[in-house]
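Read through the structure below, which is laid out as structure tokens, and then see the notes.
For clarity, chains are labelled A, B, C and D in written order, and residue numbers in each chain start from 1.
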């Protein structure tokens, strides 16, 4: 017996839909760092979308899931993300599509003095979009750091408030063929705070990070500007934004600074108030 | 004794910062619906940002908090949001600023048959941005609905899967002087699903909503297109996006459809992959 | 036409249900501090449950919502919570019930030197349970503080890592008639860290809190023990637990210490591994 | 140079601490199902605590991290959890300790008619506690299901509201030597709703799940009682609780039912109001 195909009904409202799909689909994947070739298991969430022509009433969501499950067989790389999109658009006859994958990336770090090992988790979100021949590739990385307040240090006879902060870098990648080396990028980014974060610190290490942070006091604005200077030197990004958010130890709210290459002149009119997240 | 003012140190990195500030600051406020004049207490979170000139090392975060606490004395309206910004930019000598306020708006709704009362909570985020004379005003509204799947209804001898869904409408408001009437907007939006959500339903009401949903099966794409048709007729918006997300009752992931006026032609190249949230 | 009452069908599985109900119901309420008489608007979430006899198939959820909406007319106090339960058990013919209300309580605090004002939000959850004549009353309070690490201070030539921490006190109240004065309790609790948290701090205040924290270094264990000593002196509690959790500025994980009066001898066998939340 | 050991200072407050430690530590682990021998990579969060004697000022948190990183070398099993605890208590000279590990467990399920494959994620939390020779072992499992409302079906001419629900089973395991087979437990649990959840469903499958749910309408109370009947037959548990929570498709709140073996007689006085989570 053939079942009716409601999705394929003709739609007369005249509205093409730029993105319809499914998210978040949680599943075990592998991530391959193309620089080092290392492949690690990741616990991922996937979002997969395609366009829908004005004439079709609905997409076939199950085909998107088929593409996700098929895509799970190969490690996540830039090329694999475009394979997911092409598989999805092929199954659905769509003109374009988008995939996003987010996961925690665990780096086994050595403590600064004793060299003892401990994993630190960085937040990674990869995105790819294809429309006809146009391919866009990007990533968003969340990097925890310690920040120590220069004002607090200056005005106080001793001590200085410090806290866990987070640098979030969002970037469009110039080449759709491959991502920059992830671990190296994260390692560079976490130098931007007053001190990197570690999971395992023995007492000599704790002395080291305490003094290092006190020796490198930085406002969120300082961390942000140093991030911008670094990101501007990279030739592999076509656009970036950076956000620094401090879980202020003396307040219940956060201090946050944001930079978007497209707004580099703050006195320029801005096209939209919705193009960033002011909440964290 | 005068304390050093580290923030006012000269900065030589040459990078103006478009947004530096504080978020989320939780506090009790009042919201005034300008259409009806009704003023209700709200539990709000505030984000307040200003620009920072390239020459200044840091902003003075405490002045932003002063502006927030001062702003708390008047009810939240479009005009009040610009007052917050002007207070903040004035205190800091900044050329522009942005404020966002988010809260739950409670509507006392009547059940469809028995008329019994119960509060339903809608999610509201208001944003305002001012740069020189340019003023931008916007809101984002989250509206819960019931959706019932047309495919499930068609292919099955009886029943149809249905679920809690959410319509998220983000819009830029044409006039910076006032917001459209909020309660009326929400009431219109919640007609777009298969059936509105209620908090208190007696059995005759439950019969009514069950049959109403079954009589109005809608895909996320249907809800989205009906939202777009409705929003296009409004003269008070200069831009909008709409997202419909279903907490699928038969899956662990959501089905999601998204429309952005600026991407209305899905075959057009898209400027960015970061201009929306594909996760929910 | 009379509609079938499926819930009232006889159940033969022989299993009475201790708690069946609805949560979270978000709505605007008022909270009355009985010590001061002050009544403030709150944005609350309510959970309301009653027992269900073995013989009945289902409860009537809509009557619980009726009780919630009825309860919303009077300010939240200990007596009001028991009224909610009695209203619910009366409507349902149940032998017992439980209500929980959670909300943020905003205190307008003065900065320590300049005296400037700013709201700080404390997390409050109130619970009441009634079974026959037995009445139980409790609260859980979340109090943010700054903590500064004594080890970091001792081993380092200068500086000391510090961070936002949270003291969570859960207590059963001796008298079911009224709660202890809330604002006074919170003010006492926030003295237990290295320094209280403030929302608005000018530079002389920032100097004060920085030095105060450095002068009062405390491990999570120190804060916890001081909390226990204080709570043991109170005559108005029949049981308490306390948890201190530090958002470590040098790590991505938290340091946490927990005390439960019922486990006061840690070498005693513990009846359960599920009686607390080890995650935060 | 030897650094001062602040933690080892003598404490005179006379308060032993039952649990002090670190959480959540995120890291890649492997889980071994001892029934099948299958070992899978998991993305885990770990909480590790030990007791602290009244005489010692602080624990040495870094030794707990060392135990976590050492424990990461072997797959997670019941025996491995007690190894973690013994490693931690040995390093710290503590009399007891507790470990908790939480992660998503992905099962590759076949659609009911077409047999197509898709991963479904279940939530798993494992806990172990050791004090002297006493060993306690437990797990908490979160199982998504579809539930369809019997009342809605009965009162309506057609259709019935249904939604995603979640069954949460918390249990103490009789033998500290091994966990019951996980996949088999989850498969049994997800039969308790109106229909299991799947990630990949083609149209014949969607017809099947829609009709199956309509043929098996169940209140949260029905699902709960069937869970209790099933759990009571198992000989491998010494205690259990079960909670069923429905994301009601017609409301913004959830309907929830809870059973705790220790409260099986709801007319009995209950020792505490804090021994469960009424919020979801």
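The criterion applied here is as follows: a residue touches a chain if its C-beta (ideal position, glycine included) is under 8 Å from a C-beta of that chain, and two chains touch if they have at least 3 such contacts.
Since we're looking at a predicted model, the values are computed, not measured.
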Fill in: Any chain in contact with chain A as well as chain B
C, D
Worksheet entry | Result of counting contacting C-beta pairs for B-D and A-D, higher pair | B-D
Worksheet, complete the sentence: Separation of the C-alpha centres, chain B versus chain D, in whole Å, is 35
Discussion item. As a quick test, compute the distance in whole Å between the mean CA positions of chain A and chain D.
Written reply: 29
Fill in: Sites on chain A at which at least two other chains make contact
3, 25-26, 121, 151, 155, 199, 201, 203-204, 207, 251-253
Fill in: For the chain C and chain A complex, residues of the former touching the latter
120-121, 144, 146, 148, 151-152, 155-164, 195, 197-199, 201, 203-204, 206-207, 209-211, 213-214, 247-253
Fill in: Parts of chain B lying in touch with chain A, wherever the complex brings them together
3-4, 6-7, 11, 13, 15-26, 45, 47, 49, 51-52, 57-59, 61, 95-96, 98, 100, 102, 127-129, 131-132, 134, 136-138, 140, 150-151, 154-155, 170, 172, 219-222, 224-226, 228-229, 239, 241, 251-260, 263-270, 272-276, 278-280
Worksheet item: Where on chain D does chain A make contact in their complex?
Response: 3, 5, 25-28, 40-43, 62, 65-66, 69, 72, 103-104, 106, 116-119, 121, 199-204, 207
